[in-house]
Structures are given as structure tokens and as C-alpha cells.
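Two complexes are shown next, each including chain A; its partner changes from chain B in the first to chain C in the second.
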Partner chain A sequence: MGLELVKETWSSAINIVEIGQTKDAGGSRGSIITVGGETGLPFLHSESKTLNKPVTVFEIWDVEPDWPDNLKSPFGKNLKNTLDWAKLCKNEFKAKGLCLRLAGAHPDYGNKTVDELAKLVENLLKQIDLPLIILGCGDDTKDNLILPKIAEVSKGESLLFGSAVQDNYKTLVAAVLADGHNIIAESPIDINIAKQLNILISDMGMPKERIVINPTVGALGYGLEYAYSIMERARLAAFSGDAMLAMPFICFVGFEAWRAKEAKANEQEVPNWGSLEERGILWEALTASTFLQAGADILVMRHPEAVKHVEKFIDKLMEKN
Partner chain B sequence: MGLSGLDIYKLLPKTNCRKCNFPTCLAFALALAKKSTDISKCPFLSLDAKMILESASQPPIKLITVGVDEQAVVVGNETVLFRHEEKFHHPAGLGLIVEDSDAQLLDYIKFAKELQFERVGQKLHLELIALKNTSKNAQTFAKCVKLIKENCSLNIVLQSDDPESIQAALEICKDSKPLIFGANNDNFSKMAELASSAQTALVVSALDLENLTEVVKKIKETKLEDLVLHIDQDKLPKQIENLTQIRRLALKRNFRPLGYPVLVVVKKEDAVIDALTAGAFMAKYASIILLEKASLPEILALLTLRQNIYSDPQKPLQVEPKIYPIGAPNQASPLLVTTNFSLTYYTVLAEVEASKVSSYILSVDTEGMSVLTAWAAEKFTAEKISQAMKQAQLEQLLNHKRIIIPGYVAVMSADLEDKSGWSVLVGPREASSLTSFLKNLN
Partner chain C sequence: MFIIGELINGMYKNVREAIAKKDESVIMNLAKEQENSGASALDVNCGPLSKVPVEDMKWLVLTIQKASKLPLAIDSTKPEVIRQALEITKNKAIINSTSADEERLEIYVDMALKYNASLIALTMDKKGVPQDKDARLELAAGIVAFAQAKNFDINNLYLDPIVLPVNVAQPQLKLLLEVLHEFKIISEPAPKTIVGLSNVSQGTCQRSIINRVFLTMAAAHGLDAAIADPLDKDLMDAVITAELLLNKNIYCDSFLTAYRKK
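For the complex of A and B:
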């Protein structure tokens, strides 16, 4: 006697977004990242397709980051030079992509000039052929100066730029649109703002296949569940036909997880929490893997061991029945 | 199939007596139909109506208790597939598997027992210890159960498919209402008998959903109703599909043979991967998770994840509204004010900690609302803040009179200065800018 299962089939799928342009297509990337295309809830292979598996990318900075020692140690002195850091990620840690955070552009954090940063990105593109995500420093005025210039010098490479937010999206969207890149639409754990921002960006003429949603995740133990449920709700709406929520998700897991006390406090401070080395890696990895269950497509991460384990876990999740 | 709200209403007394705490019988009937309340709340039901309703209003996933007293694990009775639809009701029980052939058994028991963490004001610990009958020897098994009983008060899972071993162990620990993890297609009648006479719950194992359904149907014929389901499946996505199907069949079809909580075993592979696997099961419907081996960080991370996934989306977690010293503040340290919504408070806390500037945070009772929401709802006003400042007796802590408020409520600055007599400094809008704000304060 057969058991009649309850399978969910949906009318719509998530958009497919491509980051990076190869040499044959007019860019200079050695590989590209393709995400999206899911036709149903994550990893239920007998009822829906995960066309492109979720992907991890390494976060790198234009300045030496003020990270905890247990996160800095795998990179050693390479953290002092963005290009060395990027090379290490590609060659040693087998990175599939890089996410450059231009922290040093911030008026309080070095206030690097537009030209300096544009030059850095040009060099990075020349020396490392991985697909690239570029993030501003979080200061709207400064980001509106640097990001359009960087979009211009990287024209043709189809990079992913971030972040467009509800009260500051026009400058960045216009630049990204003109130079053929993709955009991150960031909303503060709010499904309505996420949708509204996608509409505003689309209204400027940006094709929906060039938009990625940043739902603003929280770390394990620090509000993870809010973004988790926002992502589940957005996915259910997207599969039911809401085109303005059918974008892949990018989750800044490393940024959040490494702010958690559990990832940083040493064994003397918290003697009953176990090894700090293992704890930090685990905190980032479990934050990332939990968002995979809510539909995450791009996981921006920091610690190479956490990345390695999450990649392995993604492969396990992708095993067909 | 369940009855509709109107079907149920017809069976109620229709007196609107409010003894059930609902305003009307109709409201109570609608809540019953949604399975969000219980018919026992109505004291005036006729016997006939009670019988009809009891059989129809059984929860789609049976509530199962392992253990006794307040430390018992209670799982099941889940009502939704997605936590935003309502909430996940009964946090998954987490346990460690130990083996009766292991020379270090006592060490593991002590490890499991002593492990305890405190987060967001809650005490977190394991609930279960599962003893695996690796020795295949009933006497050894019983002896080890005794060792567990003597050394810890964790709820016990007896993992053996040998009825003799289970019987020997039950003689020692049946008063603690252990969970018998051992029924399968070959031994179920013996196991059902043992579970029934000891009045404990029984785990039913099979290799796939169809076989599981068959075995459960046979066991249900013996009138045993306290069951837990288990599918022995190593492939991760297949197991997630099993868990999803069981939850969907129970909730959407009210399919009784699978209307029970599910137990999963995370087999030892690699510490991080094991934790990620257990985490996926935590998010996707497992009610009891047993780990073959686990380190302190793994268990801390999983207990934290459980806290997140099982929190109530409608009732935000709150911190106690009071003054919190961060780092080692002195009389000249900055004072920041924020709400008592956990997420807001912990976000601010993380930034203040990251700045390494020792400070005080005053958390104001906003009934768990975030800064802007609370401000709009008049829970985070100049008046409320100055009240909280008075209660905190700040003059005993600080030698200055300057308070930093969130940038989003800058408009209240003048009002707050008037009401409190303190000078107000407007901080950044987002907590993420707090680190540099505090560093540049002086």
C-alpha cells in the first residue's frame, strides 16, 4: 500500500543572478557565481529543484580589520595587504568568490580617497580572477562618491555592489545599471521594506535578474530567528508568484557571527564554554547553515575553517535521493 | 478530519459564560478548530458532545512526555510548518548517546550532567542521556542504567532492540519514565508490551516512511498511544524530507499513524558537520535530537539555536528593564539608553562591548518593542525614560549628568532635558555606528 505524500508544487521560481563575467563574455573573470533558480523550499529534492547550489564567498577588507585574534590567525600578516589576502583566499582556501568591504573609506576609519580605492579594485581585478562583491563603508555620502567610480573602472565585469537602502539607493542603482553590474538591496529585517525597495530599484530600470536581497541577518543567539522567518515568508510569497520578492538572498554571516560574544570570548573569560578556536568556527558555520534552511543563496563568510565546513555541508544537502 | 468552527459551535452550550476565557462560545469554537485551546476549558459540555469533540480535537501531533516531574521533556503538539504562522511550541529535547560497552561511561555521564550555560537570562542544558546497548548484554545494560540513575538526573533513553535488555533496564529505571528506543518491525509486539506495562513512551524505528507507517499501525492495534517516530536514514536531505513529510501529513491530512513527535540520531562524523546536521534537524521539525558525540561548543551552539528557533515570534523576548554595567564602568563612564527588546538590547550591548569603552546601558521597559516602534507607541518617551532614570538611582553610579539617546528619537532631546534635568547627547541611529561613536566621545 503506497503512502500518499504531501508534495508542494509552486507556480514561480527564484530569479537566477550571475556574478562575474568571463573572458569570452567581455569580462576578465576565470569563473562566475550563479545563484537562484530554486523552485521550492530548500533541499526537498523530490518536490523541487535547487538549480544552483548555495555558495560561500570570503569577506576581505581594504584595511587591516579589527577582528578577534582567533579569526585573524588563519590569515596571518596577509591581512595587512588586500591583494595578498585575496590571493590566500583563492589559492589556499579555494574561495569561489570574494566580497571586498571598503571599511577604510569611512571618515572614521581611514577616510581613503576615491582614487585610492578605485586603484585597489583595478589591481584586485587584474591579479585575482574570482567574481567579486563590493561593499561600501556604510557612510552614505562617502559611498555615493566611491561606489560609482568603482562601478565605472570595473565596467564589463558584472560585479555585485552593495548596498542600496530605502533612503539611499538612487546614486548606486544608477551607477550599477549604467556599468552593467548587479545590486544588493538591503532592508532592515522587514519584508515590506524588502519588497518596496525592489520595486523602487526596478522602477529605475534595473532588470530583476540583477537584484539580490540582503534581509539583514542576525547571528546565532542574536536575533537569527527574525531574519530566518522573514526569509521563509519572502520565499513562500515568491513561490506563490510575488515577483518583487523572487530575488536570491545574500547573508552577511561572518559580519554578524564574529560580533557574538560566543565567537570571541576566550577560555579564561568563559571557562565552561569550551575551546574558543572551535567555538568561533562553529558559531559562524551554524549561523550560515541555519540560513541555508531558510533559503540563503550567497553566504559571505570569514573564517576559512567555517567556510570549508559549510561548503562540505552544502554538498551533503545537495546529494540527490 | 477535524471539525470546522461552526460544527464545534453547534455542540457547545451557547451560553457565552466566558468560563473558558473566550468572550463567546463562537470564539471558543473557532479557537478549538484551530487547535489553539482545549475542550476541557468548557465546564458545561454534555457528555455526548465531549466524546465527539475529544476524538475530533485530538492534536494532530501527540504530546509525549519523557521523564518525571519538572525536568521531564515534553514534545509534540506542534501546530505549524513555519514558525511565523504561530510558533513552534515544545522545544526539541537534546541528548547525548553513551554506550554500555564504554570504559569511560562515567566520564560522559558527568560531562552531560555538568554541562550548563546561561544565555538571555535562561538556563540551558541537555535534557536526555541515551544509553546504547552496544554490549548486547542485558545485565551490562542494566548495570549501566543503574550507573546513570545514580550519577545524574537527566531523562533516560534506553536504546536497544533486544526486549530482554529493555526489560532488565526497566526494572531499574521505570519509575523515571524513560523513553524506550527500540521497537521495529521484528520486535514491536514484545516492545509494546514492555512500554505498556511500564507506562513509558516507545520509539518506533523503520527504514522509510512507508514501513514506519505500517509498524505504527500494528502497534496502535495494541492500544499503545505514547509513541515517538524514528527513521534510520543517513542521507541528510532525505532525512529532512522525511521530517517535513511527517509534519505535513500530520498537520495537513491529520494522518494519525504519523501524528507523533520525531526522534533523530546524529551519527558521529566531524564535530562541526555534526552540529550543522543537528541544527538543520532543529530547524526542520525534529522533536528529540540525540548526538553520538559532542563537545561543549557544539552543545552551547545547538542549545542557543533551539532558543532562537523556538522563541515566540508574536511575543518578543525581553530583557529585564534596569541599568546594566558593561565592561568595568566608573563614575565618568558614558550612559546610554535603549529599550528592553532583547534584540535591540543585545545589539547595543554587542557594539558597546566591541568599542571597549566601559559604559552603562539603561534598558527601559517598552514591553519588548524596538526603539522606533516603542517611540511610535509612546512606550519610549521623555517621560518613560526620565522615570526609568530616577528608578535606576543614577546619581549613585555617575558623577556626570549626560545621557546618550538613540539617533532615531533625537526629536525628544529637549523634552527629555526638561523632564530629567540631564543633558542629552544624540547617538547614532543604528547600533552599528556606536563603536566609532563611543571611541570618539571625548
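For the complex of A and C:
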């Protein structure tokens, strides 16, 4: 008698979220990102369907970022101009989507004006036809000024906006809802808050199919296992019918990985850690690969070589097993 | 918890009158109200006084299906009434119920297989309701063995240990809770367990609190389903909270609302 594998069958699936609107549908994007639809734990193809491939998107900033040199080098002087940076990601690194972090809006980091940033997004949309994720600067008061304006000027493009948090979600949700975009619901590695925030956002009338969960993750060596277990627990609940956790996950892998000292300490400092060049890339790639196994749908990444490794790994995972 | 709403029953005056007058709105409202309050299925019983039970049951089923998509538990002591109702149910139905007597099991297991229905089986036989735990367990094992021999999917079998009123059989309730555990180890996959909840408070002056406390205790003993009144909000809140404390749902501040949004 052959070995028979025990297969789990679940009653519910993850919602499907579409980011970006093509010309035919009233937007101006050349392609869209479709995520979600899983009917079981990731990549167990004989047990459930991974309807849509997880995607990587490149993180870009509205100002030159304060990144370590080994992360800046592949982009060169393009980092000084958001549009050049975006073009490089699309043309050279074959990006499937972009995530614009409006770091320069922060009162302590440039304090860019609402109009300035709205203009930037309009230009970006005009010149680059990739689906777009827009992140605020992290200052609630400022974000509540800039994000609604940007939602308005990008109406019809079905972008993904972030982030709604438990103490500050109403303004952003109202803006995103009115202008037909999608929203990131962010919780601090806390499944109870993740669920509660989704309830609060849906109570405002936001369809569940327009919410993406940012569970907040940690890099390899910095709480990765904890974030992994939260995501896994949310998924198990979602597949068992918990509609308030059945949203796709977005993971800010680049943000986390490049904060780790292992990704940026040079060879003189730690000679036995090996090449810094490879180490940084691997730190980001390994962090991303782990969250793919936990159910990540969108990975926001930074280093093009790390993205290349992860894309290859995704293709491998999508093969029948 | 799988709650089967108990309010569409000819024992109740409003239902009895609605059947007599063929007043669809009363039945449709009862169906909708129970669904909106969190019922997972609806019990349908035309009552012991019905002179034409087949017709009355069919009318109830058709009327309910106009208002609700929930599965129906077809509740009758007469096989022909149940069979004819199963002919017209749109969703997977539940047969309520068979006893442990072989001749009844023969009829109802075959019927459940034919109509792809779930089956509620009472652990009682011609001799009546057993007075102790072991006798209940023995009947339960007999029911499971019979169903297995017929290749009936045990996931679709609900065993009912028969809850008696607290003012009639007080010493038995503790044993009933214990036997819920034991039913679960009869087979793999395990049969599901169900109680007719309102029976526990029959004839008492404090029905709601007795029902509520017994249901949370039964939930802690692994109960899967109950035939109960979903419009009793305190009861539903208690069972949602019990399941939360048993780690069946993930906590959030609005957990009562969240559960009802499912």
C-alpha cells in the first residue's frame, strides 16, 4: 500500500485584491497586480490553490534615502530623482510594481508640501505605467493632509494606500473609499489588533476586497519567527471562516532587512561575517523567502539582486509538488 | 457552535396559526430573524397537532426557502414527512431525528445517504431514555457502528445524548456533560454532538439563565451543535464568548460583532 498523504480541506479563501486600473478600465496602468485567492496554506499545490503568484514590488522614495552604500550602489545617481529611480526599476530591473514612500513629507525630513507631493505622484503616474503603492511619512497629522490629496489626484487608478492604523484610520479610509483605491491596514505584530482594525475599516463601508493586511514583520534575526507565527495563525483562522482576517498580506521586507546590522556592517568591522555585498542581498532575500512561506502576497523590497533571487524562488515554489 | 434555530415549530401558537392560515410572512420573518441573529441552520417542525403533516411540512420548507438560504433540520417523528421534505430542500438538510433502534436507523441512514443529508441520532431506544452514562454510550456506539457499516460519513452524524429538564433529572446533567467527551472517542473521524438545549430549562422559572449556563458548560465539554433560540441575545453572546475562551476564534475588541459578521 502506497503512502497516502493527509490533505487538509478548508472552508474559506483569501479575498482577491486588484491594484491598478488599466486603460480599458478607466485608469492608465499598463498592467495590474492581482493578489490573494489562496484556498489553503502556501504552495501546497496538491491540497489547495495558490491562485495568484506572490509579487515583489520595488520601494522608491520622494527624497534621496539614507540607505547604506551597499544598498544604494545599484541605483547610483538615480536615487536623487524619483522619476529616474522609478524608470530604472521598470526598465532595468523589470519591476512589476512600485511602492512610493513619501519620506520627504515628514516635518523632520524635508517637510514637503501637499502640492509638491501631489505633483510628484501625478508625474509618476504619467511617466511610469506600473501599479503603484503610496505610503505616507509616518507622521499622522501630515499623512492625513497629503494622502487624501494624492488619493484625489490619482482617482480611477486603484492604487494601494498606506497605512491605516488603529489610532488613525478614519481620514485615510474615507479618502481611499471615495476615490476608489485600496487600503493597507497596519497592526504592530498583533493579530487581535489586525482583526479589530479590519472590522473598524469595514464598518466605514470599505469592501473587504479592497483591504490588504500589513502584519508588520521583522527581519531575519529580529523577530522573524514571531511575525511568521502571527501570519500563519491569521491564515489558519481565515481558511476556517474568519472573514475579518481573510485579506492578502503585504510585507515590508526591505524596510526591515536593511535595518539589521548584518545587512550593513562592513568587513572591517566584522571580518568573519563574509562579504558585505552578498550579505546584505542575502539578508533581504532570506527574510522575503521566509514570509512567502507564511503567506505573504506582496513583498516590498529594495535591492534588485535580492528581488531577482526571490522572483526565482517564487517561480520554483509555484511549480507543482 | 452550530446553532439550529428552534422557533419554527407547530408547538408554538404563532407558527400553528400561520400554518392554519397559510400566512407566509410569519414564517419568513421567523426564518430571517433567526438567520440574522446568528443561527447556522433552522429547525422545521409542523407540530404534533398537524392533521396533514406532509403538506404542512412541505409548505413550511417552501416558505422558509423564500426567505433564507440556511440549511434546514427537518424535524418529525414520521419518516414519510421527512422524506417528502427532503425532496424539496435546496441545500444540504439535516434529518431530525432517528433513535438507536435498528429498524429506525435502517430507514433514516438510507434516507440520509439518498438525499446527502446529515443525521441527528438520539441515544434512546424503545425502552426509553437511559438513566446512566454507560447505557447512553452503548447506544451511541451502536449508532456509529450501524452508520459505518452503511458507509455513512461520520462527519455528518450528530449524536444527541438527550438533555432532560433540571427539575426532573438533576443528577443526570453532570453525566451528560461527561458523555459528550466520550461520544467523541467512539470513532475517527469523531461523530458530532448536539443537544436540544431548551429542554434543560423546561418547566423552570429561569429558563434563559439555565439555558445559557448549560450551553457554555457543554461548549467547554466539546459540544458541536445545539438546537436553541438564537433570538436569545444573551445566550448567543455567552456561546460566542465561550468559544472565544476555548480558542476557537481569534480575539479582537469587537469579537461579538465580528462573530456575527461571519
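Criterion: the second predicted complex is superposed on the first by the 320 of 321 C-alpha atoms of A that agree within 3 Å, B and C clash if a C-alpha of one lies under 4 Å from a C-alpha of the other, contacts with A are read in each partner's own complex, and residues count from 1 in each chain.
Going forward, a residue touches a chain if its C-beta (ideal position, glycine included) is under 8 Å from a C-beta of that chain, and two chains touch if they have at least 3 such contacts.
Bear in mind that the values here come from a model prediction, so they are computed numbers and not experimental data.
J.: Between chain B (first) and chain C (second), which does A:Asn321 come into contact with in this model arrangement: first, second, both, or neither?
T.: First partner only.
J.: For the three-chain arrangement built by superposition, which of chain B and chain C touches the greater number of chain A residues?
T.: On the superposition, B touches more of the residues of chain A.
J.: Just to be sure I read the superposition right, which of the two partners does A:Ala285 touch: chain B = first, chain C = second, or both, or neither?
T.: In the superposition, A:Ala285 touches chain B alone.
J.: Touch check for A:Ser46: first (chain B), second (chain C), both, or neither?
T.: first
J.: Now for A:Arg259: first (chain B), second (chain C), both, or neither, which partner does it touch?
T.: After superposing on A, A:Arg259 lies in contact with chain B but is clear of chain C.
J.: Identify the partner contact of A:Asp242: answer first if only chain B is touched, second if only chain C is, both if each is, neither if none is.
T.: A:Asp242 contacts chain C only, not chain B.
J.: Where does A:Gly110 make contact in the superposed view: on chain B (first), on chain C (second), on both, or on neither?
T.: Touch status of A:Gly110: no partner.
J.: I'd like to know which partner A:Gln196 touches here: chain B for first, chain C for second, both or neither.
T.: Only chain C; A:Gln196 stays clear of chain B.
J.: Considering only touches as defined above, state whether A:Gly37 meets chain B (first), chain C (second), both or neither.
T.: Neither partner.
J.: Would you check which partner chain A:Arg233 touches, where first means chain B only, second means chain C only, and both and neither mean what they say?
T.: Both: A:Arg233 reaches chain B and chain C.
J.: Which parts of chain A are in contact with chain B and also with chain C?
T.: Shared contact residues on chain A: 233.
J.: Going by the contact rule at the top, pick out the chain A residues touching chain C in the complex.
T.: 191-193, 195-196, 199-200, 202, 233-234, 237, 241-245
J.: Over in the complex, which chain B residues touch chain A? Could you list them?
T.: 82-84, 115-117, 119-120, 209-210, 213, 235-238, 240-241, 244-245, 248-249, 252-253, 270-273, 275-277, 279-280, 283-284, 295-298, 300-302, 304-305, 307-309, 311, 313, 342-343, 346-347, 350-351, 353-354, 432-433, 436, 439-440
J.: In the complex formed with chain B, which residues of chain A make contact?
T.: Its residues touching chain B are 1-3, 5-6, 41, 43-46, 106, 108-109, 138, 218, 220-226, 228-229, 232-233, 236, 259-262, 272-275, 278-279, 281-283, 285-286, 289-290, 292-294, 305-306, 309-310, 312-313, 316-321.
J.: Inside the complex, what are the residues of chain C that reach chain A?
T.: It is residues 249-254, 257-258, 261-262 of chain C that touch chain A.
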